[in-house]
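The chains carry the letters A, B, C, D, E and F, assigned in the order they are written, with residues numbered from 1 in each.
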Amino acid sequence: MQQPIIQVINPNTSQAMTHTIAEAARSVAAPGTQILATCPEQGVESIEGHFDEAIAAIGVLEQIQQGKAQGASGHVIACFGDPGLLAAREIASGPVIGIAEAAMHMATLVATRFTIVTTLPRTVIIARHLVHQYGFEHHCAALHAIDLPVLALEDGTGLAQRLVRERCIQAKKEDNSGAIVLGCGGMANLAKELTEEIGIPVIDGVTAAVKLVESLVALGIGTSKFGDLAYPNKKPLSGSFARLG
Amino acid sequence: MQQPIIQVINPNTSQAMTHTIAEAARSVAAPGTQILATCPEQGVESIEGHFDEAIAAIGVLEQIQQGKAQGASGHVIACFGDPGLLAAREIASGPVIGIAEAAMHMATLVATRFTIVTTLPRTVIIARHLVHQYGFEHHCAALHAIDLPVLALEDGTGLAQRLVRERCIQAKKEDNSGAIVLGCGGMANLAKELTEEIGIPVIDGVTAAVKLVESLVALGIGTSKFGDLAYPNKKPLSGSFARLG
Amino acid sequence: MQQPIIQVINPNTSQAMTHTIAEAARSVAAPGTQILATCPEQGVESIEGHFDEAIAAIGVLEQIQQGKAQGASGHVIACFGDPGLLAAREIASGPVIGIAEAAMHMATLVATRFTIVTTLPRTVIIARHLVHQYGFEHHCAALHAIDLPVLALEDGTGLAQRLVRERCIQAKKEDNSGAIVLGCGGMANLAKELTEEIGIPVIDGVTAAVKLVESLVALGIGTSKFGDLAYPNKKPLSGSFARLG
Amino acid sequence: MQQPIIQVINPNTSQAMTHTIAEAARSVAAPGTQILATCPEQGVESIEGHFDEAIAAIGVLEQIQQGKAQGASGHVIACFGDPGLLAAREIASGPVIGIAEAAMHMATLVATRFTIVTTLPRTVIIARHLVHQYGFEHHCAALHAIDLPVLALEDGTGLAQRLVRERCIQAKKEDNSGAIVLGCGGMANLAKELTEEIGIPVIDGVTAAVKLVESLVALGIGTSKFGDLAYPNKKPLSGSFARLG
Amino acid sequence: MQQPIIQVINPNTSQAMTHTIAEAARSVAAPGTQILATCPEQGVESIEGHFDEAIAAIGVLEQIQQGKAQGASGHVIACFGDPGLLAAREIASGPVIGIAEAAMHMATLVATRFTIVTTLPRTVIIARHLVHQYGFEHHCAALHAIDLPVLALEDGTGLAQRLVRERCIQAKKEDNSGAIVLGCGGMANLAKELTEEIGIPVIDGVTAAVKLVESLVALGIGTSKFGDLAYPNKKPLSGSFARLG
Amino acid sequence: MQQPIIQVINPNTSQAMTHTIAEAARSVAAPGTQILATCPEQGVESIEGHFDEAIAAIGVLEQIQQGKAQGASGHVIACFGDPGLLAAREIASGPVIGIAEAAMHMATLVATRFTIVTTLPRTVIIARHLVHQYGFEHHCAALHAIDLPVLALEDGTGLAQRLVRERCIQAKKEDNSGAIVLGCGGMANLAKELTEEIGIPVIDGVTAAVKLVESLVALGIGTSKFGDLAYPNKKPLSGSFARLG
């Protein structure tokens, strides 16, 4: 069985969050799996809306190409909006998994309904779009925001973490959900502890995505190169995009 | 009533297609409406997949900001995938309309079911995603591709135009659809003639979007600045993205 | 470009409401557009349920035929239930737009989710059916009623108007919606003021429908005369219906 | 147990079709059930589109009121478009069942998927709307038209009947459906024979609706008079509608 | 007209509940209809989850075969989860109706939206699955549990009955539903009284299913024996399942 | 990291198919993962419909309990109808994965649309129900049957295998799908070869499910024991079901 190199891409430029994500990824990787944690040099420090996502998507594409050059067998997009997911699949040959889809898929395998807990109210709508696109509307009981910006998860006060915990406890009671999906890559380190405390699966997408990429690599299944995910039609890329060519 | 300046953004870098689009836009603009036809300096020459769209989205955002600086009252994204639509709405204050949504909305107002005719098979899936996202699954009877690249519409041979025409005729017969939506900004100049020849509304999104922006401006309705379309949270943009700040 | 005559049909027999609607329509019509505001001579004074709608539909059909005889280029059905819409499209050649569909379409172009505020609880279900039929279930966050009959909007006390205003303010807060759709033709004159006060687009269907008809006329797009919206099969109409022949 | 009087309303003015429908109704009525077969004096001779349905709805309402005056315990609307159904429920106290809904409900109880065979292509879209509204999209495998007008079923040549038969046989083979729904009140007399010949349930809505009304009456369940189906708010009805007051 | 023998199967082994169900069934059966109330000898005493349902399904299948041997014309599965419904249809020739589907179908015929009131929170999800599968998501306004086990309905204290009553009253007010569906076979005897007291149809599935079976038998419609409901492919059944062969 | 014991349950009693499944499972298991391949002693030799599934579900439940006693960390239900899945989750503590859901989830991660190829036409409807229940209707382009019984896959002639191969090739061409899901546990050994030959991912659920169970175990995520998947309420199990207690 192939020993995979899994590239875990933090689509924002925060080194602290890249570190949190890398640690979470390594904590679940199989022996022999190499985690290549990266983030783009250019872009935004945190991703909190459609505009930020559009910028982050370019960083993701650049990172995918670098990851391929470094021999990555598969890729994780470690931002809950799964920015650039389908574009990334077009240029990749191995599997590419977004952490939102990873967490939602896993949640439906262990509970009949799940709740999503995310950071800002404005990212709730992005999560809702993904739920709709992935087909999980009947599985998603509710979406909640703690109403703090993404970087509050890295400010060292623990406030964001406390609010996530409270929201999860409340969600179990009110939504009658069997599982909770953590709606931000920066919450990756909270899943295990909350699972134990709250008594239902609290699922983080970073670790879930790492295992899904490992699984697909082991199964010999890469991204389909037929149809809309085939490699992009070759054409000149001008200006700052030339580096993506 | 305000005399609007409507920015029509061709998200690819093809001057020929920008010209086609500008002419279509001007042919329907109200007296007094100024059409500002633009395209990004950097990007891709044609948009034929998710990867191309991710790049085009950045060009759209850049153009929106230039359009705002030039006093544009509203904006049209003249590529059938509506690349960067929600991100563009976040940074705009006036309305932003994608040509795919414009054509589909108009089609549902004059027929109970419509068919989409586009260029490449791989863009069919993108159109299908939009149909799903916009809520028109029960209104869209079928999607067809002529299986030629986007730029074939600008090659001067007329082959692409002939194939579009044949596909539209066949679609009316087979899909029993009351209207046809042309699935590419480069087909903007075909709508009027095909409508007459085929005897059902053949709808182009560029002209439809211009009228929708004019309408919203006249109604005093801009993009909602509350919730997920509020202006992006301020944060540093690094590298080549700094120009979007 | 053609100077359109737009027939704005109030499907109930209230002259006061016809006046309110006509004024709203004229306030947004393009220079050169002629507004032909009409209401049926026979029918109901206000439309508050399925029964009232069935009666109003006949009035709408009669008015459409009179409008055609007077050279109308397009038609607006100015009651939020869009009574008789598809039947009206069968006998019309120009576009026919209902104010419910007009307001909902416009709302989805400037916000990702909208709330509907209507009069009676029993009309909520009618609005819900339209949301379902038009495909906007994922765009409609909630529907609310102020629990007053339609004609309270014309009683001069301002109570209904105050309740609409309060419900809109509450809806923004509770539903997290980016836009509000006013669910009654008699609220047409409230949109502009509420938009400014509440700070999100508050959309009235009468004005929205006028601009959509103008747009379709300018685009040369009429109602599709192929398929289920083709002119009705000729057959004798007996009794009081003979006048519709 | 109450001996019900069931009013079977043919919404068009064809005496021949009223006769066909009455016979079908009587052939399945329980001993003691009285069938009151009626049709409006004014209206259209056959119902083949939205316009015809709008007119027929008024006839249905008038008939419902006459039926109530005659002591009817429940009502059947014997046209496959179920014209005026919700309006009729508002003014009725007993159950009101449309034959389209009756046939579809019954079909889902004996097969996992059904096919609808109707007359004109333009009525296919009406049936499709009903399928959508009643929630049977996952149960309806296909809809077909024999492409003959409704009255061809009464022309004595048997052509329409032969085409229905052929379409049913083909539908079983092609759609892999376990049941067929006959999409016209005028086909009521074909169901039994086709069921035997084709070997799958071929369901007619007239007979199905009669049994559903009988069932509801026996259960003591009438139309809900709470919410949107409560009796209409009292208001003056002017002109030819005064008779509905 | 055939005098049907209707087998009413209580899928659990509780004699008390079988008695309640039999009485309800007989109270609505037509003169001449014979009710054959049965329950399996082996299985579970009450059905409160997926595990219980899997066991009950075998009992249902065994009972269906015994019912066929006794000349039953049709069958009712008198547990709100409709356990074994499709499997039962495979081996039956007459109609097989589950009480959940029966109650929901009837509810949509007399109200535009209904509420379900059931016993345990964990059975709410089962009811939700059925709503989804039967296509009634737009018709079901809400689902509530009284949070007592199924057998509390047979404990003689009346507590469960009081809680059901309170929940129904609350549901009418809060959900704005026009009808209520009782979500347990053991509530069969409450429907009539609650309907009168609360003033909206409160529908029990046992009585509803009996009338639907009677209706189908009278119409000459059995379960489709074409496609996925055809008799099972013959194959050896080993061990304790041999009795099902 | 825990070395998991994964129980792979063939829900039918065919030793040959259990062997095929076990080999497939072992071919992808991680080093250290122990595969415990089992099948029930009693039941049916192949599963080709709802009746067979109801019987197989009991075998699955029995096997789950034996697997728990043997220390299994998780369970695979290796029949494409996922028989007994939710009931099995109720009694398990570790994850339980059906091969249909496993294959479908994996397919959506590497292609935007997939096609299912199964054995008998009557199992197509079962697969369709699962697609609906799991939320993958927009991802499933088509379902096809080779029209041979399940055991033809074990008859040594290779006919079934040839037909599967032909159907997959045709499906790629006609459905424009990016991936194919093999719709039977007995096809587990065909996936790898077909993937290479056809050039798109051909996904087998047995291997996919094994990797998903491994992943969930590694993540420390078991089946949610809150809500409808909590352990069954304790109650006496009588007769041949006593062994499940």
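Here is the rule we use: a residue touches a chain if its C-beta (ideal position, glycine included) is under 8 Å from a C-beta of that chain, and two chains touch if they have at least 3 such contacts.
All of these numbers come straight from a predicted model, not from anything done at the bench.
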Listing by label each chain that touches chain C and chain F gives A, B, D, E
Let me spell it out: compute each chain's centre from its C-alpha atoms, then which one is farthest from chain A's centre?
D
Relative to chain C, chain with the most remote C-alpha centre:
F
In whole angstrom, how far does the Cα centroid of chain E sit from the Cα centroid of chain F?
30
Measuring centre to centre with CA averages, how many angstrom lie between chain D and chain F?
44
At which residue positions does chain E touch at least two other chains?
86, 89, 112-113, 121, 124-125, 132, 138, 176, 227-229
Touching pairs of chains, all of them, please.
A-B, A-C, A-E, A-F, B-C, B-D, B-F, C-D, C-E, D-E, D-F, E-F
The residues of chain F that touch chain B in their complex are 112-113, 138, 176
Note: in the complex, chain F contacts chain A through residues 1, 28, 30-31, 86, 89, 95, 97, 101, 105-106, 108-113, 134-139, 172, 176-179, 192, 195, 199-201, 203, 207-208, 211-212, 214-216, 218-229
If we count contacts the way the header does, which residues on chain A are in touch with chain C in the complex?
121, 124-125, 132
Touching chain C in the complex: which residues of chain D?
13, 41-46, 48-55, 57-58, 61, 84, 86-87, 89-91, 121-126, 129, 132-133, 149, 227-230, 232-233, 235-241, 244
